[in-house]
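Okay, so chain A shows up in both of these, paired with chain B first and chain C after.
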Partner chain A sequence: MGTKWRRAVLEGALLCLLFFVIFGPISSLVIWSIAIRWYWPHVLPQEIGLAYWKQALGLQRDWAIAAVSIWGAFGTSMLVALVATALVMTMAIPAGYALARYRVPLKALILLLFLMPKAFPQQPIFVNLLPTFTRWGLAGTVQGVILIHILVCLIFGVWITTSAFKAIPQELEEAARSVGATRWRTFWKVLLPLAAPGLLVSTVFVFITSLTEFTGTFFIGLPFVTTLPMLLYSSSGYNMQFASVIAIVLLIPSLLFMVLIQRVFRPEYMGGIAG
Partner chain B sequence: MRSGSSAVEVKGLGGGTVRFLPLFLLLPAVAFILVMYIYPFALSIVRSFTDESGGLSLVNYYKAVSLYGRDILFSIQVAILGTLISTVLSLALASYIRLSDSRMARLINSLSRLGIFLPYVVVAQMMRSFLAPHGLLNVLLANMGLVDIDSPLQLFNIRGLTFGFLWKETPFITFIVLSGLQVIDDTYIEAARSVGARTRHIILRILLPMIKPTIAIAVVLTFCTIVSTFTLPYMIVAGNPTTVTVDIAHRVTYFGDYRVASALGVFLYLIVGVMAVYYLRRTVREEVYGY
Partner chain C sequence: MPKVRLERVTKRYGKVTAVDCLDLTVHEGEILTLLGPSGCGKTTTLRCIAGFVVLDEGHIFLGEEEVTHLPPEKRDIGFVFQNYALWPHMTVYQNLSFGLQLRRIPKEEIRERVQEVLSMVRLSGMEDRYPRQLSGGQQQRVALARALALRPRVLLLDEPLSNLDAKLREEMRFEIRELQRQLGITAIYVTHDQAEALVLSDRIAVLNEGRLVQLGTPEEIYQRPANRFVAGFIGLSSFIEARVTEVEAEMAVLETEDGLHFRVPRDALVEGQAVTLAVRPEHVEVLGGPSGDLENAFQAEVVRAAYLGDSVDCRLRLGKWELRTQLLPGKIPAPGEVLWIYLPPEKLILIPG
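Moving on to the complex of A and B:
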């Protein structure tokens, strides 16, 4: 009985510590986003309200509140993320199918290409693309930012798609082929519906990665393309409330994604690790 | 006859068009990576060895070391510190979750996963407000009497930066390690218990050694991520020393100096070098040869 109690107390303490470490920073964001006045060293703000939220969401315009509507940046972010995701998946689905189902010549070399961007820092890549992009008239444009987002997201798309196809037993396709279905029809009618949940995870992961991309947009997009992360960055120095509002807006999709896909997400999705 | 030949074709052994089909399917993705990744990767190395007049030279490396030598060491220090602490924490947390079947352990498991997908830009803003001299952490500590109100903790340096990395990377390693641990059959643990092994021994001598390769990959990826991350140090480290990634941004945005920035980039490649090569070799080998 003694050890059982000690164990419960230890577990409780661990839980409390974890709770504080995880929710401390998150609650700091939440409190700042509704703080109108908050003087040091008070634990809680003196005056709270939704003024910054309302202004950020375009519901009011008050010169005393240092926030602008986020809808413009939200629109840019959505446009970039939707186009980038569509193009990434257009390339990733055939690539993933080939890697999962065929003996690919030069497979080691091709895999290396898809793994290198994860192993080595990407910032020098963005920096060295900037002069080229400037020459091509892509720097500071939405098209340029979309290209950079595709670069950042493509490897994740290929990994997750490959592993989604691999998870489907090949016998079903062989059965369809043996009764005379064409390769294309087998892919379309048998494999694709079975792999759909995995492909959905891949698509959503790519979408969220693009939505929250910072470094590439910073070098290629600034100061002309303002996505939500760029707006967050530019307000973060001087305006804690407004920056916190944007941070929460960006935090919601990632948290939702975590809660929804807990059960189906596998480690190889994050590192290209087999098994 | 017909069914036999198509079954062979499904495996990709058929001749003619089929042999090139996989390459054709891979072409768009491979071409994109070649143009948008490999080309600028090679460019960054070439640029780092080029002087103003276009000749071959080490002047960029000389500048990088003399101006930013301290920051190169700082980046290495942060990466080692962050990787080491988050690995130890993750191994302890994952082992605990694997061995305990209480409701609290399940709660701790869900809680520990919460941060996995949060982007660094959000984590950076969170840390910026939480760790500030007048931020929530100092407010709480001051009100508990643990910190002097007039001299709050200064955390916009290596301490705060490491904390931010731990906050983001510990859930990641825990997730990977725990997935590995969950594959291990319960009978190993029961057998060890039945001959009187202590929990500590079960973890250190049985469970963790069985998943060494998984742990290695998680550690390597974390190290590479910490070295590569620009957002977090850029947004929370005040002044010097700072990370190489921040120096690269300064070099480009203030001076338009792509050559020294590229030399600094090559230093980043070298810092992750051994680890990155290990990760690439292992993953490719496993995928291609299956071991």
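Moving on to the complex of A and C:
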């Protein structure tokens, strides 16, 4: 009886801890986003309400509430992220396949090259790029921001797709060729379905990275392109309520993708690949 | 009639020549085995025929048609892989019907042909299983059925049994042989397992270092190996180096450095010629006692003996040479014991050099 009880208590405690670790930070965001008045030393806000949410979502305009409609920035963010993701994956899928399958000269160097934008401090790179972008008329434009996002995201696209294709035994392709499938049909019928989980992970990574990218957008996009992260950074110091609202909005796509991945990952055929 | 013809096929990987100017003809309806140690070029040769590997030099013909530059999907071949290579995201039925659908065969006929090949490999009723739900042996049978369903011009098998356990492997050898005969299909089979090659093949092509070393029926290869490599690779052989000292009407006498004399059939031996004798374990006869004046009888010392259940594997010392032999179980000789042995002249294999 005693051990059973102890075990139940321990399990309960562990669950609570886990719950807290996962939802603790998010719950703080939620509380901040609905706090109208919250002064020290109170543990919880003295006054709560949806004023910041309403204002952020463009449902009201009140000069006393320090928040603006986020729809413009949201639209820009989505546009940039979707276009950047589509372009990155269009490049990454063939590149990943080639790097996984063919003897590409200087393969290690090429893979390293993709890492470069991430391996160096970002600010000097972007500052250095700014004059070039200005000369090309890309500074302060959505196109310029998309380009800079591609630069930042390409590493996730190429590295993850490369390993996704590498995980598929070459014989599976050759078997398809031997029964009469062309290269193209083999790609669609054998390679793509088997690589899909890896490609999806890669797409999600790229999309989330683009959606939350700040540094490059800041240098290249100012002052005309405003994305959600820019809005978030500019309000985070003094306006926790508005910042929390944006932070929660930025979380939504990730949560949606989690659900999507759960549906797409089909363990019954994933198991067969290794064997 | 030649079904597959290789002409001076050469493939290099960097500085390594995997296949070196190989000429080979496979006849209609026969099963030919490419046999050799790993790295001998047998798999590369097979992959050249399939079109997975592009040749550096040479030509490949299937029937009358030159296929050297055709992509694999246009060659009309069936390929069975060592690791089965079944598509894990497709059921057995989908695996078998994929190639048929590509050929735009009507649905009804596809259904019939899938049923037909499935019953051939004794897997009827497994259509809706996924590959991972099948055992290794079943997966390999599906892979075989997938290749057969297309009724290809030639069936290529790349060590298809080496991932299976020993007992299953032995069963499958006969099964593949039986199917190949029933269907009358031309097949090229790659293996490094000499026992498999002997059981399965109409003819065996022994490869070493990218070159064809010997081509012949299993009996020819086993009984008259062309050189020391073949004699050592196929079956067990002990080697004794000697020189021809005397040539008579029907027999010749060989002498080793340490003064042993052997009488062998004369064949085409010339006095003074260097010869290697290959002795198969089963050709060493153990005598009950001293031989009198019998030729080719020797006293040999037991080096060690290992009990194998159905026989005893025994290493003997004969002069400076080591002989391996198989004895009947029962009396296991102790190391150091001296036995009288007899080497029948007609059973000794002579290899020039």
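Please note the rule applied: the second predicted complex is superposed on the first by the 223 of 275 C-alpha atoms of A that agree within 3 Å, B and C clash if a C-alpha of one lies under 4 Å from a C-alpha of the other, contacts with A are read in each partner's own complex, and residues count from 1 in each chain.
As a convention for this text, contacts are C-beta pairs under 8 Å (C-beta built on N, C-alpha and C of every residue); 3 or more make two chains touch, one makes a residue touch a chain.
Since we're looking at a predicted model, the values are computed, not measured.
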### Message
One more residue to check, A:25. First (chain B), second (chain C), both or neither?
### Response
first
### Task
With the two complexes superposed on chain A, say which partner A:134 touches: chain B (first), chain C (second), both, or neither.
neither
### Task
Determine, under the contact definition given at the top, whether A:174 touches first (chain B), second (chain C), both, or neither.
both
### Message
Applying the document's definition of touch, where does A:113 land relative to chain B and chain C: first, second, both, or neither?
### Response
first
### Message
Quick check on the superposed pair: does A:247 touch chain B, chain C, both, or neither? Answer first, second, both or neither.
### Response
first
### Message
Once chain A of both complexes is superposed, is A:193 in touch with chain B (first), chain C (second), both, or neither?
### Response
second
### Message
Is A:46 touching anything from chain B or chain C once the two structures are fitted on A? First, second, both or neither.
### Response
neither
### Message
Contacts for A:258 in the overlay, against chain B (first) and chain C (second): which applies, first, second, both or neither?
### Response
first
### Task
Could you figure out whether chain B or chain C reaches more residues of chain A?
B
### Query
Which positions of chain A sit in both the chain B and the chain C interface?
174, 177-180, 183, 270-273, 275
### Summary
Seen from chain B, its contact residues with chain A in the complex are 2-3, 6-7, 9-13, 19, 21-23, 25-26, 28-30, 32-34, 36-38, 40-41, 43-44, 47, 96, 100, 102, 104-105, 107-108, 110-130, 134-140, 142-143, 149, 167, 172, 175-176, 179-180, 214, 217-218, 221, 224, 227-228, 230-231, 235, 245, 248-249, 252, 258, 261-262, 264-266, 268-269, 272, 275-277, 279-280, 283-284, 286-288
### Summary
chain A residues touching chain B in their complex are 8, 11-12, 14-15, 18-19, 21-22, 24-29, 31-32, 40-43, 90-92, 94-95, 97-99, 101-105, 107-108, 110-132, 147, 150-151, 154-155, 158, 170, 173-174, 177-180, 183, 186, 208, 212-215, 218-219, 229, 232-233, 236, 240, 243-244, 246-247, 250-251, 254-255, 257-258, 262, 266-267, 270-275
### Task
Please name which positions on chain C make contact with chain A in the complex.
50-52, 71-73, 76-79, 81, 83, 85-89, 98-99, 102-103, 130-132, 143, 146-147, 150
### Query
Any idea which chain A residues touch chain C in the complex?
169, 171-172, 174-183, 185, 189-190, 193-194, 268-273, 275
